[in-house]
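Take a look at these structures.
Paired with subunit B in one complex and with subunit C in the other, subunit A is shared by the two complexes that follow.
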Partner chain A sequence: MSKKIVAVTACIAGIAHTYMAAQNLKKYAKKEGYDIKVETQGAMGMENRLAQDEIDAADVVIFAVDTVVAEPDRFEGKPVLKVGTSEVVKDGKAAIDQAIALVN
Partner chain B sequence: MEWKKFGKELANHFQTGVSYMIPLVTAAGLLTSIAVIFGGQNVWNQTSNIWGNLRLLGQTGLGFIPVIIAAYISFSIADRPGLAPAFIVGLVASSMGTGFLGGMLVGLLVGYLVKWLKKMPMPMNLMSVKSLIIIPFIATIVVGLILIYVVGSPIKAMTVGLTAWLKGMSGTNAVLMAALLGGMMAVDMGGPINKIAYAFGMAAFTSGGYQASTAMLMAIGIPPLGMFLATLLGGKRLYSDAEIESGRSAIVMGIVGITEGTIPFAVADPIRVIPSIIVGTSAGCAVNAFFGTVQKTALSTVMAIPFSSNWLLYTLAILIGVVVEALLVNFLKRFTKAAPAKEA
Partner chain C sequence: MSEKLSGFISANNVVLDLDAKDREDAIRQLAEILQKNGNVSNAAAFCQDVLEREAMTTTGIGNNIAIPHGKSAAVTETTMMFAKTTTPLEWQSLDGSKVNIIFLMAVAPQAKGNAHLKMLANLSGRLMDDDFVAAIKQAQTVEAVLKIIKK
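== the complex of A and B ==
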């Protein structure tokens, strides 16, 4: 069974890095054959909000954020990889690999 | 190690505060600028015409900067219970004239105090009393009194000193500061360092330090504009088809003021692109500071041209930055690398 990942991305201005990081995570997760859902917390507020059962079903959580994650209690008890958005924009594969390494 | 982690956490909280502040600054800054540009200096202290009223809206917004910074730094640290006390104390800090610095300090104090109060053990049946009464009351009274009796006056003095220093800056110092701000704006293209420079420029803007805000705002558009010119000059010999395509969107991003338009180039070739955009942007801002041109709006690079004190010199400074960046990056690509990126 393929691993399930949920991720939250958020940058400071919330217009570019947030969405580029989300795209990169999706791209590389798909390449490696993992399921991924990404919530963006950008200038428009929360978009593609993760449902609690999606979070519960996930094997690992990625926070690609420069700010703090809104409503963090939803992720309590989950293994979390925390990185900055620019790292993910530069190298999406490394973030996915690190997250999977957390739970393997 | 622990300190490093704490520093990173602190930076995240500041950045959260700034991210909530940005729309406020754009709205209020634009309104104030429009009012002053069209209504002249007599818009202050009156609401008898539309410009006076636009000024009222904008000025009220700008006065809210310390409040929103305090509230959302505190929110970032302590979540929901951090908001209300920081709003109250932040507004007091604002009216005391402690500016941006005061707002940041209030946010930190309220945030960490509330966070600590949240952890304090309490009998189960008193929990609701704690969140409803104890936390908001204690946090507001403690930090409020600290602000009023202890830290308020020194911070106000610091803000006044900083403002005077910024306004009085001239010659070499002004050029150096513009170059530094330009470089910081370019280095991570909209990332955390860019936003530190942004916050500094905006803080200067709200207190009339237009030299700093002009440099910072000018820097926003130069990196993408320069990369557009570079793809135009370099063509298929130096750039992949995808990059030439990115170049076309980069010019739009440059004009409307989104530094992030440069990122595709920087990701593909950071070693050559990032130094070039830093040098180009620094150069443009420094030249402008040397000319002594300022603009008193919150608009970025190209859109501010009509409002600058000397639009000819201002435009020239932008062009110098753009051309330096484009030539440098193409020079580096031409002589240190044989072919465009592999997708070509």
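== the complex of A and C ==
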């Protein structure tokens, strides 16, 4: 079974990087054959909110954030890769690879 | 989405020959156009807010593209400007590339849940799509740019 990733993206202004990082994670997860679901915490609030069972079922969590994650308790006990949104915008593949490396 | 987009961006939001000497000059010139278009009440104040955001981390996202943006009290209607510059500008980009394509995003303070904000979010996501970026780079006319952005 392919590895499951859940991710949260959030930047300071919540206008652009939150959504670029989300797309880039999806793009490279898909390219490498992983399941991914991404929750955005931007200027429009929380979107595509991760359900607790989705989080529980995930192998690894990526926080691509420049600020704090809202409702972090949901992720307690999960392996988390924390990166900045710019890093993910620059190199989405590296973020996915690093996350998978945490649990392989 | 296309229905709302047609009101969101028009030929007034596209500049294909921006002659700017540096990043700040480019943002200032585009802010002035937004003021002329009626989306910004005070170009200087908006420019200041965008530069403050710029000072935190670069908005040069690589691939010769920059997306300066700001949530500002000087913005009366959430919108954007698209520009191609006549000369590449230094922008401390993530990949070190100089910038000749600018998406300047202007967001009003109370824009939460706003349809235009949603479009800026969608547009941001599409910047990660290699086909979208290639099409934008190739576009040589205002009509072509609008068609790609509205697609």
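By our rule, the second predicted complex is superposed on the first by the 104 of 104 C-alpha atoms of A that agree within 3 Å, B and C clash if a C-alpha of one lies under 4 Å from a C-alpha of the other, contacts with A are read in each partner's own complex, and residues count from 1 in each chain.
We take it that a residue touches a chain if its C-beta (ideal position, glycine included) is under 8 Å from a C-beta of that chain, and two chains touch if they have at least 3 such contacts.
Bear in mind the structure is a predicted one, so any value in this text is a computation, not a measurement.
Visitor: In the superposed model built on subunit A, check whether subunit B and subunit C fit or clash.
Guide: Overlaying the two complexes on subunit A (C-alpha atoms) leaves subunit C and subunit B clashing.
Visitor: Given the touch rule stated above, what does A:30 touch, subunit B (first), subunit C (second), both, or neither?
Guide: Neither partner.
Visitor: Applying the document's definition of touch, where does A:20 land relative to subunit B and subunit C: first, second, both, or neither?
Guide: Both partners, subunit B and subunit C.
Visitor: I'd like to know which partner A:43 touches here: subunit B for first, subunit C for second, both or neither.
Guide: Both partners, subunit B and subunit C.
Visitor: Is A:12 contacted by the first partner subunit B, the second partner subunit C, both or neither?
Guide: Touch partners of A:12: subunit B and subunit C.
Visitor: Just to be sure I read the superposition right, which of the two partners does A:66 touch: subunit B = first, subunit C = second, or both, or neither?
Guide: Both partners.
Visitor: Considering only touches as defined above, state whether A:89 meets subunit B (first), subunit C (second), both or neither.
Guide: In the superposition, A:89 touches subunit B and subunit C alike.
Visitor: For subunit A, which residues lie in the overlap of the subunit B contacts and the subunit C contacts?
Guide: Common to the two interfaces on subunit A: residues 12-13, 15-17, 20, 43, 66, 84, 86, 89-90.
Visitor: Could you list, by residue number, the parts of subunit A that touch subunit C in their complex?
Guide: 12-13, 15-20, 22-24, 27, 40, 42-45, 66, 84, 86, 89-90, 92
Visitor: For the complex, which residues does subunit C have touching subunit A?
Guide: 53, 56-59, 61-62, 67, 69-71, 94-95, 105, 107, 111-114, 117-118, 120-122, 124-129
Visitor: Could you list, by residue number, the parts of subunit B that touch subunit A in their complex?
Guide: Listed in rising order, the residues are 12-13, 15-16, 18-19, 22-23, 76, 79, 188, 190-192, 195, 258, 260, 263, 267, 270.
Visitor: With touch defined as at the start, can you tell me which subunit A residues reach subunit B in the complex?
Guide: Interface residues on subunit A, with respect to subunit B: 10-17, 20, 43, 65-68, 72, 84-86, 89-90.
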